[in-house]
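If you scroll down you'll find the structure; I have some questions about it.
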Amino acid sequence: MADEKFAREYGHHLVEEVLNGHMTRRQLLVRASVFGLSATAIAQLLAACGSSTSSSSSPSAAASGSALPAVVTGGTMKAVIPPPLKALDPVTIYDQGGIVLVYQIAEYLIDLTNQNALKPKLAVSWAPNAKGDVWTFKLRQGVTFNDGSPFEAADVVASIERVINPKSGSGALAALAGILSPGGTKAIDTHTVQFNLDKPFADFPYLVSASSYNTAILPRNYAGNFQKKAVGTGPWMLKSFVTNQHATLVKNPTYWGKDTQGRQLPYLDQLEFALVTDTSAANLQLQSGAVDVQPQTVFQGGASVLSDASLRVDVYPSTGIRELAFNVNKTPWQDKRVRQAVAYSLDRKAINQALYGGRSNLGYDTFWEPTVFPGSPTPPARAQDYTKAKQLLSDAGHASGVDVTLTVANYLENPAFAQLIQAQCKPAGINVKINEISYNAIYAGTNTTTPWLNAPSVIVEWGSRPTPGVYAQAMLLPTSAWSSSHWNDKDFVTTFNQYESTTDEATRTTLASKLSSIQQDETPIVVAFYISQLRTQKKNVYNIQGPGSFYFDVSQAYMTK
Amino acid sequence: MARLIGRRLLLMVPTLILVSILVFALAEVLPGNLGRSILGPYATQQQVDILNHHLGADKPLYERYAVWAGHFVTGHWGASLQLGTPVFSTVMRALGNSLLLAGFALVIIVPTSILVGVYAGLRRDSLLDRAITISTLSMTVIPEFVSGVILIVVFAVTLHWLPVSAMPPQGAPFVDRFYYLILPAIPLMLLELGYIARMARVGTVQVLAMPYIRTAVLKGLPRHRVIFGHVLRNALVPTVTVIGSQVGWLIGGLVVVEFLFVYPGIGNMMINAAQFHDVPLLEACVLVVAVLYMLSNLIADIVVALLNPRIRMGG
Amino acid sequence: MSAVDSQANATDAAPAAALDVRDLEVTFHRRGRDLPVLKGVTLHIEPGEAYGLVGESGCGKTTLAMAALRYLAGNGTVDAGQVLVEGRDVSTLSEEALRKWRGEAVAMVYQDPATALSPAMRIGDQVAEVFRYHEGLKKAEALERARESLRRVALPDPDATLRRYPFELSGGQQQRVVIAMALAVNPHLLVLDEPTTGLDATVEAEILDLIEELRGRIHAAILLITHNLGLVAHLCERVGVLYAGRIVEEGPARELFTDPRHPYTMGLLRCAPRFGMNKTDAALQTIPGTLPALGEPLAGCVYSARCPMAKPVCTRREPDLYAWPSDAGVKGAAEAEAMPPDPVAYSPHHASPVGEAARHARCYFSAQVPEMPQMAPVVGASLEARGASSGDVLEIKAVERTFKDGRKRLTAVHDVSLNLKHGETFGLVGESGSGKTTLAKCVTGLIAADSGTVTFEGKLMRSTAGRRSQDALRAIQMVFQNPDSTLNPAWSTRAILTRSVRKLAGSRSGSVRAKVDKLSADVRVEPRFLLQKPADLSGGQKQRIAIARAFAGDPRLVVCDEPASALDVSVQASILNLLVELQTSESVSYIFISHDLAVVRYISDRIGVMYLAELIEVGSAEEVFNPPHHPYTEALLSSIPKLDFDRRLQRIPLRGAMPSLSEPPTGCRFHTRCHRFLGDLCVQQEPPIQEAVTGHTYKCHIPPDELLAAQLADRPASPVEA
Amino acid sequence: MAPAGVVDDSRTQEMQADVAAALEQRRQRRYLVRALLRSPTFVIGVLIVLFWVFMGIFSTAFTQSPLAQHPFAILQSPSAAHWFGTDDLGRDVLARTMAGARTVLIIAPLATLLALLWGGIIGLIAGFYRGITDDIIMRLVDVLLALPVIITSILILSLFGKSLAIVIVVIGALFTPVVSRTIRSAVIGEREREYVMAARLRGERSAFVMAREILPNITQPIIVEGTVRLGYAVFTAATLSFLGFGLGPPSPDWGLTIATERVDLQSAPWTVLFPAFALASLVVGVNLITDGLSSVFSK
């Protein structure tokens, strides 16, 4: 098959790039997964690069010591997550609570590894054509939905077409806009699906992976009542869901997944989620033993959790960020110098220290950040520089200072971040007024009314994204569904399209440099840090997988005692 | 007696109508523009207009109120903007939870506070009375959110005596709920206990100064008979009235405690609805709470009437 | 000790006094100050004896009663002395013995029956309690006994009463229940603390009759505490007069009242208007000064500061309670002169009577008391002298006023017409609820009449004060009953008068200040009191200021609504004198409302009697008080306890209770209670207004001559008044 | 009557008398003040409240800045440099606790004054005129009373937006019915008194009777009611800001601080306990004043 041949060739290309020093091995892993290279193929490639070590061990496994105790099956695991902000529907979810819950019940064609590499899930393999505008996915055989119906290509077609229907209101609609149009998805046979893209797109698999969380595969006849009748192929089935209180899931006895020793997954019998927004209440639930695991522990206010001897904290680098977005359509953010002035006012180290105890990676307002996305060009660091900030402000006509409002949800460490920004901007002459609203309020409304997409400036928490491209796709393009900055830079868009349509890594690296410098220079958003996520669990909880706070994979988790 | 209750219930109707008008005005009219309230400052005027039309908010006020009130009366409370669930069942479920918590607290508060207060009143100016007065005063001054926060840390996290969550796990027997309610009920109790105990003490002190207590003592009645036959009943009249009016504060405390303990009651729901600008849910919550409050005052009045034959027979 | 034991004890040791108070000193502690209330009181009451303790308010009467029952308020302590009841020291009783002793050996009847009964408990339970806890009876038996008790105090329909609550009973019925409760277990000592104060005259008389009747049956000793001398004269064998915590005189009632030997007793007797006395006959005597405040240091004799006979020796040392007539204090005075001055000390030895005698008086000069100087007489000018013209200053026609109480309509004033001559005093009498005050307020415009007219000096008055002209307001003013609320507590006295002068006298008076000074001088209030707030004034002073306020605009009619009834007798007299004096000097007309018939008789030229919203009799004071008069007036007059030991009238009992204003009886409103009830005629037809003599009318079916005959026939030979 | 020639003299006399009257009034007031100053309850209460008033106004002059952040010194336990420790952004807890009095002390007294003003007017009118006016007003008051304070505040603040002014007006409005009831019953107690009738017989206007005759005599219940409401207002203001309906960060407001810092209660209890203690002490202070006033007034 032509596609397989292309994949093989692409593999060789990657090896070359690594050997030439253009890519790191880790980057190779990620890139290879995009093009559907199988694990064995990737291992061969790595071997070709001269590597002998496998870096696939999960961070949690690493944190808890390499030797895991023997698997214990059965039992109930309780986790605490924020409640879904709206009725539970995979097509429209966008928040942590919704994503985590859907992720347990429905599955994606492609999942993410702990390193944000792609990993086959409902698709066993995928490959593009040489041009990169036709992608063919081979689907897993013998999978059934938890209502007994078989999983086939028609379900995939229906699921993808559903989210790119302009009426769906789905976030995937924007992510796939200009890339995949209605009718572009075809079932070749019962277990082969072909995506005919509008243009070549190198990162396409990400757009139908778990990182594009609205693309969960639902039965073809899904009518939008997930909260009542949650049908999916995942390891868990929804037993009960009470809004803002709790969700109980029981294991799907007919789940297709098996562990390496052929044991039926999941190990646990039941999974209970306490739905709690309030950080304090959530922490207390964990500390009092009411729950076993908290997928996302906030460092701010988490001191007592982190020092609790009965708990184990996994620190895993994630690519999650707290986006400080400037709505470029609103005063005074039209002028990039004002945006830059904010960027130069921030003492990122101090912020990292206050919010994360210095654990996070610093960011410099671009997604092409080599510390989190290996292989990215290194952007110039932005240190606190009030002289420069003041100069920029005065150039922009705000010599006597400028008043701005920052909208922030009373959630996670966001209020503290906002206060840090406020205090650090003040000496530069930027008077930040903090408009603190609730977690559910900031996301209330539609895309055209919701505060998080329409406030003049706003802090938005983002979970992990696998690549800079996915981030940019989600928030930096005029077509982006979640662009709080409403930034529309032609140069960036053109470059980005080139970047995503090429498979040549050297070209991609060049283009990435250009994208990075445009983004940093324009500063539509401030990315001050990439967060080191904390996941806290009782000491008898083992083998939770998944990168970041969204992809909470407990299908292979178990609890001793 | 039945006539008294009937008349009071009947009197509630106009009050309720006025309350509903007030709530309607506060929620839908006075903020200026209902659509704008819901959609927030960033929506375009067109979006606001469309929503207003959809909600009927572009119709004349009296018509809007009639439709709105009609829906309430007939049980068509609409759907929550945030949750998409029917308001009626959502509110009622939350109300049930709240009533359980408040009722649990009250069942403990009322007898305890009366006992403590009456005892202090009978032993007026003794060391014990001073101790009770001071401790009840200090109870009333600690806001629920302070005592709640501290109680959780001490009893749930440090000592592990009580669960931190206010709801038992799924499938637990109903009686377990009370075990889980102990911790959230304590902040409510502290506050109200102190207040009601102080009232009971004052009531007792006042009754003790009444000539009829002198009559009872000088009749040569034993102390217990004087206290239970003559003092208690009359001392309770102001106390019960206070309990009735304190229900309003209990509800306020309930909001805080539910918020703190993430308890799925009406208070917590109200805060959520308020944050989300979920106007239909918000209105329903306020109205339901108002009715509840009026009913509790009615009950207090009935108890007062039972204690005071003059009022009872006057009805 | 059980009831049976104590009874046995009483019969065995007959000589043990029912109550023996020895040198009792009681102090109250208030705001860190010690206020002595009883300063060594000694008295004893023989078994079966009735002893009256009289004195004005604040002299310590009730404290004595409470100390005797060992029920002092928490801040009161017995500092010295003993209380022995039937030979037992009350203070030594154990808690349980005390409990049994109360109720079984002693019982009490209180001043205000409405508050003395537990409001939320049925009458039956309250009475039955006594039997349950003293005789150990079961509830049903106890209730049965309670029924008997209620029957014994002549409560109508005891079965129904058992089930009632106190508020469903009238004041008289409530007091009967209290008495029934007190007498339930046949105590040996009955303490009556102002048992009829606050009750209407006819009810008071009923209760008195009841007590007298029960006394004959139960043989209990009685301690009657009251300010009402008539009551004591009526009921008691012996009397003690209490002043500022000291017994100042003691002796058999008749002798003490007819021949007082202490200046205070003398003063008390002189300042109450004698029944039948009129202002044109003589002025009332007064006692100068005011009662000393609690804890006020008194030099020597407690009464010396107010005593018109006081001599230097009186303030040197306090006199003892000397026997009369054997000792008469002469020796004591000589001793006091000889000894060094000891003005403030008092000690128990002063408490006990000196010498064995029936009478004692705490005065060095008892012998001179009958010659005690009279205060300068201010005699009211006769009607003619006051320039009364034949013209009516006020004419009230068919005034009607109804109040709503829930669904009931209470007619408070029904079809009342009367007229008032210039310079005349019109007395309005009647029991509470008869409509006197409502009528008065209709005149002043404080209450709007529903119908009828008020014409003043030929001009029709608007119904409410708010709509009357300033001239009309100035012309008709009012003096109110309650000295504590009649003046605005927030204003200084001068401010109160100044405002009234500004509003009422207006430009007509030159200097407001001068007018205020004149007013205060006219009512005999010293200028320094003008700076005070009402709270710092005595009751009498407040009432004087209130009178001054009414006279600020030179009124022509002043309505006085019980202006002196809340004051002590001595103060009351001075207020009445003041009113008479002002009437003479200012030529003003009065409408004078009072329930005290002697007072009304004293001050009025003409009198109207109201019963159940109707004016049933109008005539000159003398005519109304003598036959022929309305049967109700006749009954009312007969019910007054008088200080007259020789001519005691048979009280005319009224049947049943006062009917409700919402459902007044048909025909004659008085027919339900009338002792001269004629039958259907009275029930069916409204009686005509009959004229006894010109200007004396009454509303009754019985014609004047028949009425006169009947009423004279029922009287003792001697006519009441001359 | 003063002779014509001595008008001036009489005027001076009058003035002297007025001065004397004023002195007398001052003496009366001083008597009450002395009685209050003798009450330890009242004095301690006043001292506590005055302490917080002083801190609310002047604390920033001698404490560290309540807003200065020290990201590298967060959640430090109390030390010589930071007596009350530091919070999650390294701010001085002492400075924040002291400055935190400000919002509550702006909101609570102003809201109470508003409630007293509105409730006073309503209560005076209803109690003075009685009859149908009273019936209508009291029915409306019943309606307002049926709306629990916290619940209604949340409704209004969420829909009208939250600002200090709105919080003050809302609390003031919601306290009005209770105040008006108290004042109404006080007025009813006074209006049947005879001095009021005397004023009517002088031809005084209703407004005069209400303002000059009745009002001065119900100042004690008004003052007591005012302090009771003040205590509740402090409570309500703190509760609203705890629930997120008050001022937002970085205000050092106590309720807000307790809400945001309570996550650190275990690891850094000083961040929560100091403001909590401060809030409780202010409420205690107001309550002590209430108790002191009512016991002195009732004597």
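Miscellaneous remarks
Read from first to last, the chains carry the letters A, B, C and D; within each, the first residue is number 1.
The definition used in the following text is that a residue touches a chain if its C-beta (ideal position, glycine included) is under 8 Å from a C-beta of that chain, and two chains touch if they have at least 3 such contacts.
Everything quoted here is computed from the prediction, not taken from an experiment.
Set side by side, the interfaces C-D and A-D show unequal numbers of C-beta pairs in contact, with more at C-D. Averaging C-alpha coordinates per chain places the centre of chain C 47 Å away from that of chain D.
Between the CA-based centres of chain A and chain D the separation comes to 52 Å, rounded to the whole angstrom.
Centres computed as Cα averages put chain B at a distance of 24 Å from chain D.
Taking each chain's centre as the average of its CA atoms, chain A and chain B sit 44 Å apart. In chain C, there is no position where the chain touches two or more neighbouring chains simultaneously. Under the contact definition stated at the top, the residues of chain B that touch 2 or more other chains are 153, 157, 259, 275, 277. For chain A, residues that reach two or more other chains under the stated contact definition are 287, 438. Chain pairs recorded as touching, per the definition above, are A-B, A-D, B-C, B-D, C-D. Contacts from chain D toward chain A in the complex involve residues 67-69, 71-72, 74-75, 88-90, 244, 248-250, 260, 262-268.
On chain A, the positions that touch chain D within their shared complex are 279-280, 283, 287, 300-304, 307, 347, 350-351, 353-354, 410, 415-416, 418-420, 422-423, 434-436, 438.
The residues of chain D lying in touch with chain C in their complex are 1-2, 7, 10, 13-14, 17, 20-21, 24-25, 28, 193-195, 197-204, 206, 213, 216-217, 219, 299. Residues 39-40, 42-44, 47, 82-85, 90, 152-153, 156-157, 160, 163-165, 167, 169-170, 259-262, 264, 268-269, 272, 275-277 of chain B are the ones touching chain A in the complex. Put simply, chain B touches chain D in their complex at residues 14-15, 18-19, 22-23, 26-27, 30-31, 37, 137-138, 140-146, 149-150, 153, 157-158, 248-249, 251-252, 255-256, 259, 267, 270-271, 274-275, 277, 279, 282-283, 285-286, 289-290, 293-294.
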